[in-house]
Amino acid sequence: MSVNQREIGRRTLLGEIRRQQRVPRIDLSELTGISRATVTTITAELLREGLIEEVASDQGEKDSKRGRPKVDLKIRGAARLIAGAKISHKTVSLVLLDFEGRQLAHHEADLESGVLSPEDMAAVLADMLEDLAAKASMRRADVAGFGLGIAGIVDAPRGFVHWSPSLTNRNVQFGDVLEQALGLPVFLDNDANLVAMAEKSFGLGQGHSDFIVVTIESGVGMGIVINNEIYRGTRGCGAEFGHTKVHLEGALCRCGQRGCLEAYAADYALTREAMIASGEAGERRVEDILRAAKEGDEMSASIVKRAGRMFAMGLANIVNIFDPELIILAGEQMQSSHLYAEDVIEGMRKLIVQVDKAPPEVVVHKWGNLMWARGAAAYALENVSENALLEMAENVA
Amino acid sequence: MSVNQREIGRRTLLGEIRRQQRVPRIDLSELTGISRATVTTITAELLREGLIEEVASDQGEKDSKRGRPKVDLKIRGAARLIAGAKISHKTVSLVLLDFEGRQLAHHEADLESGVLSPEDMAAVLADMLEDLAAKASMRRADVAGFGLGIAGIVDAPRGFVHWSPSLTNRNVQFGDVLEQALGLPVFLDNDANLVAMAEKSFGLGQGHSDFIVVTIESGVGMGIVINNEIYRGTRGCGAEFGHTKVHLEGALCRCGQRGCLEAYAADYALTREAMIASGEAGERRVEDILRAAKEGDEMSASIVKRAGRMFAMGLANIVNIFDPELIILAGEQMQSSHLYAEDVIEGMRKLIVQVDKAPPEVVVHKWGNLMWARGAAAYALENVSENALLEMAENVA
Amino acid sequence: MSVNQREIGRRTLLGEIRRQQRVPRIDLSELTGISRATVTTITAELLREGLIEEVASDQGEKDSKRGRPKVDLKIRGAARLIAGAKISHKTVSLVLLDFEGRQLAHHEADLESGVLSPEDMAAVLADMLEDLAAKASMRRADVAGFGLGIAGIVDAPRGFVHWSPSLTNRNVQFGDVLEQALGLPVFLDNDANLVAMAEKSFGLGQGHSDFIVVTIESGVGMGIVINNEIYRGTRGCGAEFGHTKVHLEGALCRCGQRGCLEAYAADYALTREAMIASGEAGERRVEDILRAAKEGDEMSASIVKRAGRMFAMGLANIVNIFDPELIILAGEQMQSSHLYAEDVIEGMRKLIVQVDKAPPEVVVHKWGNLMWARGAAAYALENVSENALLEMAENVA
Amino acid sequence: MSVNQREIGRRTLLGEIRRQQRVPRIDLSELTGISRATVTTITAELLREGLIEEVASDQGEKDSKRGRPKVDLKIRGAARLIAGAKISHKTVSLVLLDFEGRQLAHHEADLESGVLSPEDMAAVLADMLEDLAAKASMRRADVAGFGLGIAGIVDAPRGFVHWSPSLTNRNVQFGDVLEQALGLPVFLDNDANLVAMAEKSFGLGQGHSDFIVVTIESGVGMGIVINNEIYRGTRGCGAEFGHTKVHLEGALCRCGQRGCLEAYAADYALTREAMIASGEAGERRVEDILRAAKEGDEMSASIVKRAGRMFAMGLANIVNIFDPELIILAGEQMQSSHLYAEDVIEGMRKLIVQVDKAPPEVVVHKWGNLMWARGAAAYALENVSENALLEMAENVA
């Protein structure tokens, strides 16, 4: 067995144990196609490293042959401590997980401003992480990895932020800034990608190798899962669903271009259209517009309907390109309900290529900020896990 | 080494030998990470099966140790015979390849009608395949696999055609119809996917794991290569670039919907707009419109410019979703030159998310029908190769 | 009574007699506000000139005072002979009227080509006019004035054609060319204006001082009647309804610009969209599309619906500008029925400024080519009448 | 001479004297075509009524025959007192004119609210009119007629307001409400019509019988002058230029419909688009956007450019319908300069029907609120003048 093969074996077995949660050693060979001998060797290594542990079998039976209690293998929660966070408009949500993925603590804190310098943001996050750890009677230094979701255009593998509405600067090596401030490995990604990660790890995407997550918050985001992996594009500029164009020279978008889907479907698109109806009374919130539409106000209904039609068109383009098995519409707030409406989904179905086979399933998943943070933690967990295996390989070599 | 591992090993090594074209056995271990012993075992099997062969090393040197001439391993061309074909509007192009991928013969023949019943189309293809084989002094029965590219919506893994402009029926298990008529394994796919396959196998996509191919023929197609694989979507309805919507309730498309990119950028979109300018003189061809535009005719120029702007918008949406490293614009005819024009590409660049990093590379690849057929053959070759390995596994087991 | 006043008096009285058809001299003073003495003087002049005549009163009563039969005044039909013609795509329709407006003869003849030089067109019309006169046992030289309706942009007062689809040349002083070829006064106008003239003289516009006529033939035209006069604009380029823009950079129009109403609602707009559906079977006619739409063909229905929506938008713009009492939709062919449909008119009503008062009345008037020719004759009659009065003034002076 | 003729004669002569400002009695016969005897009779009547007066001739010469100083006739300023007012968003501007049209006083006052009940608005105007009169040492009761311009949809002949942004109620017989509150004749019209009246009476429209005025304030309005008369449409809903549609289902307008020109070109359309660029800093004013655009801000430039393109399209539609000799773009504020820009006018020229003759002249007239009020006064003057003649007729009869 080459070095290469052993590494692949470790990754495969650790992954399988995580997937199975609890699994008898004897089943792993069949589940993975790795020979029993190799399974024995590798699981011994993983036990020695403390990444997994033996527990009494669920079934409580004794091994008929050897007479001692059957054991299952499982991930050892105490092996590593993982943190995840999501920067929202003016708040940060954080969670602390153990290596098994169990939530140990969570924390929410306000930002004094929606836009900070990278250094200030890093300092603020360091404090928050300290507070988070304290809630589980830990210290920040105990954390093995920190996953962070941030709005904007992020080159995740490089930890590089091309642009984020939360940062004063463009083109920031924000991963490095954070690692320096926090003193621990940081795994940074676009927030929509981390929702996809969350859906895949513990949400509606479990058991699906290929699916699309569309997030609706103040903007419109997308996470693409292909072959069990987040698809990010070459420069980290993929999945920019909100900036796909639905109208040549259409409405003005925050990005400065015209005709972006966001400019029709995002929060600001609705409040902007509603401005004229509100007269001197100031800006109306999306909730107000939705309520007015439901109560029969024609102008509000027109605003909501149009956002829905454009959103349906954007979704249809995604289906026409990906033909996914599953689309998850994920949003934290009730205020996006108009985009989840059945007539919007039906509108999408009319705009996709028509074949005599059911269109992709579309499911709606409304959740809170904490789930975004858990997605960030899941991303960190994946990377911390990988790093642990790389360390083992180096130790062995 | 488990059965599973042995199969993976065979696939890996056969693939590596194909990629390297000629390679000393000794290099394979390093190239693949498979142990020398395993390499020796597996290559012996492949030699025995006749899938690869030994040839004198290019360098003509002798093995310093053993004193006998150094040998390279290579794919054995005679191992299998592969055919590929592409159904165009009223012609079929075919190529015959050996197992190394060398072209042994090609053939082009007319269809008496642009639309045939599945059975008639299969019968016609059977005759053409016979003629093709004859050109290389072979018979149809010698062919190990037949790849076919057809326009329309194809569920490739199932060999199922949801709809094709070349067939009278919808929802045809056309792969089965063909296999029955031809008496050999058939591998069917959407034609644009096979262009992507061709680009990946022996075109501009070589060495790229992720890229997008946009084909411009009478319609507008797309092939998506992600992680070295063609991405097809769940139902075979992915990559329908021509039917992504660029205008809500816009121009009427052949598909019956409105606002599809095709309805602005395809051949028929141009001739349709030009109709009014031609008066009673009948329909003008795309070539005529392009020439007139170049010669300063304002109406023609307006037609061409608009097609280009909409195409740029469609391309920008693809970039905003995939952020690919490379986009290949592939078309067989000079008549699509207006969509390849620099100002169209520049238009796309203005509509994508702006970051301080170079936009995706866009290259233009003009080629003939034969290359589409070669893409189909490449797809068949991949499958025939896989089948050969499966047979080995069964023989061994 | 000044010269000026006498001329105004003659015009007023001749007009009133025409309007009343038959009227006792004694009523004219009350109807016009002109003193009895002046009425007596002027009617005597008109009788002497042969423009009017006395006829026995309808009521057949005798004048109680003077004991002689009561007489009415009426226009003298034999006073002048008037011809009118309308050039359609490949035919010309002509009518011959007497000075009372009674139709003496009509004639239809084919053109050998849809587009002729001004001189050839004039020669052809001279022959046709000869044939028309012959049908009433007259000669062309007996005709006092010839009214002609032609598609295109016509500066009517100058007899100047900026452009017409029926003529090879632009910028033709076509009135002069015709007068030379015909040897008689010619009164030229845009055909839609002459439909307005016809509606006002003997159609649905009788009794309305202000209304709009929209003509739907191969193109879309408009005639505007304000204060009982055709409104033509400064250069003869007014009322170009078909070229009002309904979409910035929209569909290509025959005029070379984009987004004109015609490019969505005219015959060619429908056949153009339908082209894609017809495949190789060649162009479908509008009638075919309308029938298919009625029979449930979705694509045809989509074509028809869109034309109607755009037409409704164009109509709404006219209402928003003119707020007319009455809109007459005038077309000769059944093939425009989709634009007259109730849902189109309803669509218009939704797009106009909403006040708590009934929207303008919209009536549909389907008629034949002859009515267009009668409109041309009515225009000529008005001018011949005016010329007769001018001659009288000169004779007197 | 009938009663009717005498009334026409009075109207003609009073109008001619007003037009000539000063004119010898002897010239009036030639100028109007009315006999010398009648001129003598009628001018004597007008002098007796005090509507005109004799003044020494400009030339100061003596009548050669009679030996007494030559006299001119002129309007007698003291004959009537006229007031005009324009209700702007939160201010009212008023002017006081004498019967010659000379401005005696002006006044501006704030409204406590932009929207008032008809009764409150009438009460406020009564006070303001008192203040205005006081500035000329007069009292409100001395005023012979009050002209008022108000934004919205006004049926001027009926003094009926379908809707106005300045009034709380729809469908108000506002003319009656005002007459009751003010105790004097009130002449009410849409404000844009009164700008047209002002242009015709003492602005750039003098000497033009047919022209279009486009007003740009917070909304977009239009006044149509045809044959020296304001054209208002049947229900007072004509000339609603701001609500002509430039895009089917386009941007939302204040009127609740979509695609109105106003929704792209009015003040609120610009500030609405700019909202997204301003982030949390609140709404930007039009002036700020224009300045930023000039200083190179791309997003602001995009906003301004789009408003200009849509405005050009709207203007082109007006030209295609009216083909006017002259278009006057009239706005009070510098903030509309982007819509007056040469490239907007040039854009319009490209969208109109192309003939080989110069397009309509477009002139820009920037003026203050007072000029709107003067337009209102001019409208009142016209009506007061007419009423004076009617009184004369009754006195005589």
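The letters A, B, C and D name the chains in turn, as written, and every chain counts its residues from 1.
Just so we're on the same page, a contact is a pair of C-beta atoms (placed from the backbone, for glycine too) under 8 Å apart; a residue touches a chain by one contact, two chains touch by 3 or more.
From a predicted model like this one, the values you see are computed outputs, not experimental measurements.
**Q** Which chain's centre, taken as the mean of its Cα atoms, is farthest from the centre of chain D?
**A** If we average the C-alpha coordinates per chain, B ends up farthest from chain D.
**Q** Could you work out which pair in A-D, C-D or B-C copies the interface of A-B, where over half of the contact pairs coincide by residue number?
**A** Answer for the repeat of A-B: C-D.
**Q** Using Cα averages as centroids, what's the distance between chain C and chain D in whole Å?
**A** About 34 Å, centre to centre.
**Q** Report the inter-centroid distance (CA atoms only) between chain B and chain D in whole Å.
**A** It comes to 70 Å between the two C-alpha centres.
**Q** Taking each chain's centre as its mean C-alpha position, how far apart are chain A and chain D in Å?
**A** One centre to the other, that is 62 Å.
**Q** Give the residues of chain C that touch two or more other chains, as numbers and ranges in rising order.
**A** 249, 256
**Q** Looking at the complex, which residues from chain D come into contact with chain A?
**A** Per the stated touch rule, the residues are 114, 249, 251-254, 256, 258, 263, 268, 271-273, 275-277, 280, 298-299, 302-303, 306.
**Q** Of all residues in chain A, which touch chain B in the complex?
**A** The touching residues are 1-5, 29, 33-35, 153, 162-163, 170-171, 210, 222, 224, 226-227, 229, 231-241, 243-248, 255-257, 259, 309-310, 313, 316-325, 350-357, 360.
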